[in-house]
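Here it is, the structure in full.
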Amino acid sequence: MNRFAEKLKRSWFKFAESKISIVGLVIVLAVVLLAVFAPLVAPYYDHCGAYVNFADANKAPCSQYLLGTDLMGRDILSRLIGSLRSTLLMSVIVLSISVPVGFIVGSIAGYYKGSLLDTILMRITDIFLSIPSLVLAMAIAAVLEPSLKNSMLAITVMWWPWYARLAYGIASSMKAENFIIYAELTGAKLPHIIFREFLPNCISPVLTKMTLDVGYVIITGASLSFAGLGEQAPKPALGNMISTGIDYLPGSWWMTIFPAVTIILIVLGFNLLGDGISNIFNMEDN
Amino acid sequence: MKRKMVWFLAVVLLLSCLTGCGGGPEETAAGTSGESASSGGTQAQGLVRTTFTRMPKIDPATGSDVAASASILNMYDSLVYPTSDGNVEPNIATEWTTSEDGLVWEFKIRDDVTFHSGNPLTAEDVAYSMNRLLTIGQGYSFLFTGIVEKAEAVDATTFRITCSKTYGPLLSALVRLYIVDSKLLAENYESGSYGEFGDYGMNYLLSHDAGSGAYCLTEVQQDISISGTRFEDYWKEFDPNSPEGFIFYASNEGVTVKAMMSRQELEISDQYQSAENIAEIAAMDGIEMVTNTTGQMVSLWVNNQKKPTDDPHFRKALGYLMDYASLCEVVLPGSIQNNSVISPVLLGSVEMYDFSYNLDKAKEELALSKYADSYQNEEIEIVWDSATPDREKVALMFQAAAQQVGLNVKVVQHPWATIVELASSVESSPNLTVLSLTPQCSDAGIQLNTLLHSGTPTWEKMSWVENDQIDAAIDEALAIIDTEERVAAYQAIQEDLKEICPMIPLVQSPERLCYQASYMEFNPTIPLQGYSFVLRDMRVYPERRAN
Amino acid sequence: MSSIIKSTVKRLLWAVVVLLGLSVMIFSLLRIIPGDPARMALGETASEEAVALYREEMHYNDPLPIQYGYWLKGVLQGDLGMSINTKRPVLQDVKEFLPATLELVLWASIPPIFVTLFFGIAAAMYKNRWPDYLLRFTGYIAIATPSFVWAVFLLLIFGFWFHILPSIGGRISLGYQVPAVTNLVILDAILAGDWAAAWDAFLHIILPATALSIGHVMQEARIIRSAMVDNSGKDYITMITSQGVPARVINQKYLLRPSVISAVSIMGLDIAGMFGNAFLVESIFNWPGLSRYALNAIMGKDINAVCAVVLIYGVIFILMNFLVDTVVLILDPRMRQGRSS
Amino acid sequence: MGKEENILEVRNLSVSFKVMDQVSHVVDGLDFFVGRGQRVGLVGESGCGKTTTLKAILNVLPRNAIWEGDVLFEGKNVREMGREELNHLRRKGAGMIFQDPSSALNPVFTVGDQFLTALRYTYDTKVNKKVLWQQALDALSSVSLPDPERIMENYPFQLSGGMRQRVCIAMTIAAGRQVLLADEPGTALDVTIQDQILRLINRLVEEKGLSVVMVSHSLGVIRESTSYVNIMYAGTIVESGVTDQVFSHPKHPYTKALMACIPKLTGAGIAEGIPGRIPDYLNPPAGCRFCPRCPMAEDICRKQKPPRTEAEPGHWVRCFCAEGVR
């Protein structure tokens, strides 16, 4: 227990060595808390649903509506807070599906390195990696009906191959190590080797990549939503708010600028946090 | 070192492979001319540039929407020409006669008209144009399909139409017969499914015009713009200040339109801009707004065959869920509530409804419907055209109101092409669609027919009334030659429609177009789709432009 | 040398395999969509007989693998089907729109490489001094900003506030006639000796290219910086320093080359990824390119057009990877050995 | 030994590194001297700061290093040298042979490229490339490398470890430097090759009359190839003197312990042979750095740093308890 605490303390120290990681942590915590308590925090949470009030439409930021209102008279601040949920949900779901899938595919291929199975699995991975990810995601989202669910699906489909590659690299290099050979000799089955031997060794690079990926998932999701392929009206989504707002630049700048700044802040937060976390693991390696 | 040289060459080779896969040298570089943007040189001086929501179809046999109509009517001449009071006047046809039974019409064709190609325009071309339109069966063909039995040239200057049945609005409909150059097209047939006519020149007309109109097409940039110049040999006189040419852009993103208007890179802004943007543009220096009451109405097309909108009471309930006051004041400013299923400017339209924003009434109607117990479980889809941002407000407003009575509404946006695709079958047509419709001809019966008759092939019948009695009544009314009698028949049909409530009319909204008043005159008067953009009637004074 | 050729051939073969896989994927995408492809191609008004005939003609009645064979054969002959939106053969649309996207991506990738190198080197040289902090700070912001947000900002700044650059679309101003050779307008204008047109076209490309590349530039500059910082502690740098070679020569040659290798492969991926980001940037700047065309196709469910674009971008991506591997091979002699053995 | 005869003097050198927010005091008050033409050994366990000391002489310490004290080369202080002077020292004065030949050559440039660049700057004026090329070939031949032309065109990874080490030696001796700083030459290679390399260095030093600082953790190597030796522990010279004298009469408890475990030559062997480990540089003992492991440690050892004392003529030791000190 004490050693764990010691390790935690050490990790925190490495993390906090770069002050900017703490900024990231603060932003991420704030975003998560806002998302979780959105109905309580948002001044007008009902503005995130089917709501119109033309009397207050297109209002510049004022004391009643801190960040102004959109064309339907909905409070931008409330809608920004409301959009955090789907934004976070997307990255959580995308990563929690693509990481295990990628890990399993990659480690199986790595374990059987040199076999036909390896070739097939990794070539399939290569094929997925051979199209720019946003192009593929958009094509998939286009074939399906536009919705948040389908945009998550599309992003997941293009995301797992990266983890497959990562896991493949680690697994194929570990395969020849003595303890794996020993485990094989003592009759360990494939699942044992994958989850007991490969997994612990993959955790730090995978975790590092994951924290850095959250930002990219959010950007990709926002891009899809910008194109109208994400969350559908009247529910708020950051990309969609920007694409609607563009038409009202520069007069009603608040409709575009605040969502844009929100995206930047969230992604910045996760990137900084990711850098901090990768610092923990990188220094451990040294 | 030799080795480095080899590598360098390899990189260059690969790079050129990369760039080389786009088009051979025979293509002209896209965007080398005609493209807009930046501070436009002297070349832009006499132009009229405007935006549409989509790429216009410039083939008279396929185009029928606003963008297409506006483009076609400037490049082609129609047989007869509409007037601002809803009548027609001679154009290519100088005079016409009707047989006793009203089945045979003969038109005298002008002999002094030449096409852009230099070919003279003859009655042959007129007959060819009608037959081509009917054969291809798209665009405005629905105005004549099933009516015109035979179109022929009696001699070089006489064109004869033989109808299979009497058809009252024929003259009004002939406004939409645009005459194409048959000889030119014959030279440009490609293989296709029209027998001796090959593809009927359809591929050629994707990027060329074959008309005799006041303007000739100079360039088509797919999905970007079409542009053209004045046809100096036009048979009518040009005012010296008529525009020297035009560019019609195929997209109307608000921010672009605003920026271009403010920089005088666009002469007229389109009417599909949101109310906020129109207000912003109209307030710019030297820009004024003109409204043209084209009879455009914004309505909810309701799928009469799909659950749960297949119940008349249910449909009526929807009429009470719309906040008409906000619609007219905020969402579509300048509009007035429309209580008629067809455009109120048309002679013979009847005030059928007395809808108001009334949630209690809506609940009453819902209680009367067969979904009284189950409507909370149904999901209704409301679709809007993604190029028209104001309609989203309509949809969202409706959704918010519907939520209050417990109706579950899903708002969906589609591009126009998809909406047309959806409209092609009962199954795919959404419950509700917010769209606008401008009269294509100045006869109420034509609009009744396109909206409600089960035989209509176009998207306008998205309501799928599919009612034999109404079909018969419309057919009957259209056959009446006498205008007064016909109008009375139209009114009778609308009285019968009250109970059915086939669609929910929302407002009649004028076209609100902003233009560069500091250096142009623009005064559209003809209340027909596309006729706000008759270039020949506009005036441009380049010397008055700032700098 | 022969080992290089051998490994090149091997990689080419793999590229072909990946391409085949890609084609299978796109073919399935085409067949996944609900609805009868024959009916969709001919439109709702076509008769049953015509549809049946079309089915027969297009081999839609055959089993899927055979259909795939016919489809692939068609694709190889340049038959990408008809576009529902434009009612034209997709190949024709592609020929028309691809050059604009290629031009945009080329300008968004090649000149920024120098900016990237400059920033990366500057940050590494001034490590933990103000240029480094400034670049790191702006870098964090730039990387966190999606390219479409950059596009919006640039549009706001240059479209409304400062009218210095054309911001609202098109590749060149009205009135310039540039003979088409490569279909890359700026290059064509230069080839034709029309410097005014070239300059005008260049002004048009600045904003979209900037929006597309700015995040990547910062990202790669960061990678180069940290590689340079890492490598500057390596023995071989200490060694050459201890031999009395001036710092300038070391930094620009002996430190830079090993440091850019890791960035090169990422640059390659990023450049290929720009085709994806170009979707939104092209649509914001009205750039008449293939990505804007594809976005319209996606919105209009114009599946033939979508698949064609995916296929083309896939091919470009694979070529790009190949190119990047080659560049790495040139920069890093170790790879030449590693690859062949 | 008169000071003017020393080509290199290191006086009270301390080097510390900033690691995260802490400071690691690696070299602590180090002194040693190298006479012209003298071969001096520097012995100690792995990680006691030998390499750091050599790098400090050429002022090529990593950026996070902080150093104090003086390094005098031909009487001039290296720390106070300007860029030109410093480069002059590196080009003509002293050259270093790195411990690990595999990482000392830039992997993405040919040997020739690196060699020529290094040579070019040893001349004040521009010199014809052919001259440089020939000079490099000669240097490569002088380190007994066959086919030097081919080696010049090769990349480092195409050479064996021994060849790389020879290339490094050739680069260092080619320009006619006076002092050779050899950092455990050959240790990264297998034993026979290591032996060849050592013999090569000894031959070259004899031929060219160079001064040498030979760093090693191997007592055998030092005994064979140096005339004067400094025993180093945790960043301090604990004992120094004429090689034979030190080896026959070790004074410092650490030296004694080292001698005792000669059969085990590797770093691990020494650690095993002497109980305890080298101190934590982040928090070194206040007094004598060896005292935690010293069997003879007394109270004073823990509180004060022992001064450098001449235990017998020419034989210096830093210990309170060593024989001849008390």
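Worth a mention:
All chains are identified by letter, namely A, B, C and D, in their written order; residue positions are counted from 1 within each chain.
Assume contacts are C-beta pairs under 8 Å (C-beta built on N, C-alpha and C of every residue); 3 or more make two chains touch, one makes a residue touch a chain.
Computed from a predicted model, the values in this text were never measured in an experiment.
With centres computed from CA atoms alone, C is the chain lying nearest the middle of all the protein shown.
The highest number of C-beta contact pairs joins the chains B-C. Taking the mean of the C-alpha atoms as each chain's centre, chain A and chain C sit 23 Å apart.
Centre-to-centre separation between chain A and chain D, using Cα means, comes to 51 Å. For the pair chain B and chain C, the distance between C-alpha centroids works out to 38 Å. Contact with two or more other chains is made by residues 253, 255, 386 of chain B. Residues of chain A in contact with at least two other chains: 228, 246, 249. Chain C has residues 155, 159-160, 299, 301 in contact with two or more other chains.
The touching residues of chain B, when paired with chain C in their complex, are 3, 7, 10-11, 14-15, 17-25, 27-44, 55, 137-138, 193, 203, 206, 221-224, 251, 253, 255-256, 259-260, 262-263, 265, 386, 414-415, 417-418, 421, 424-425, 457. Of all residues in chain C, only 127, 232-246, 249, 253-254, 257-258, 261, 331-334, 337 touch chain D in the complex they form.
Chain contact summary for the complex, chain A toward chain B: residues 49-52, 54, 57-58, 71-72, 228, 232-234, 244, 246-249, 251-252. Those residues of chain A whose C-beta lies close enough to touch chain C in the complex are 20, 123-124, 126-127, 130-136, 138-143, 215, 219, 222-223, 226-229, 239, 242, 246, 249-250, 253, 256, 260, 263-265, 267-268, 271-272. Residues of chain C that touch chain A in their complex: 14, 17-19, 21-22, 25, 29, 32-33, 140-141, 143-146, 148-149, 152-153, 155-156, 159-161, 272-277, 279-280, 283-284, 294-295, 297-299, 301, 303, 306-307, 309-310, 313-314, 317-318, 321.
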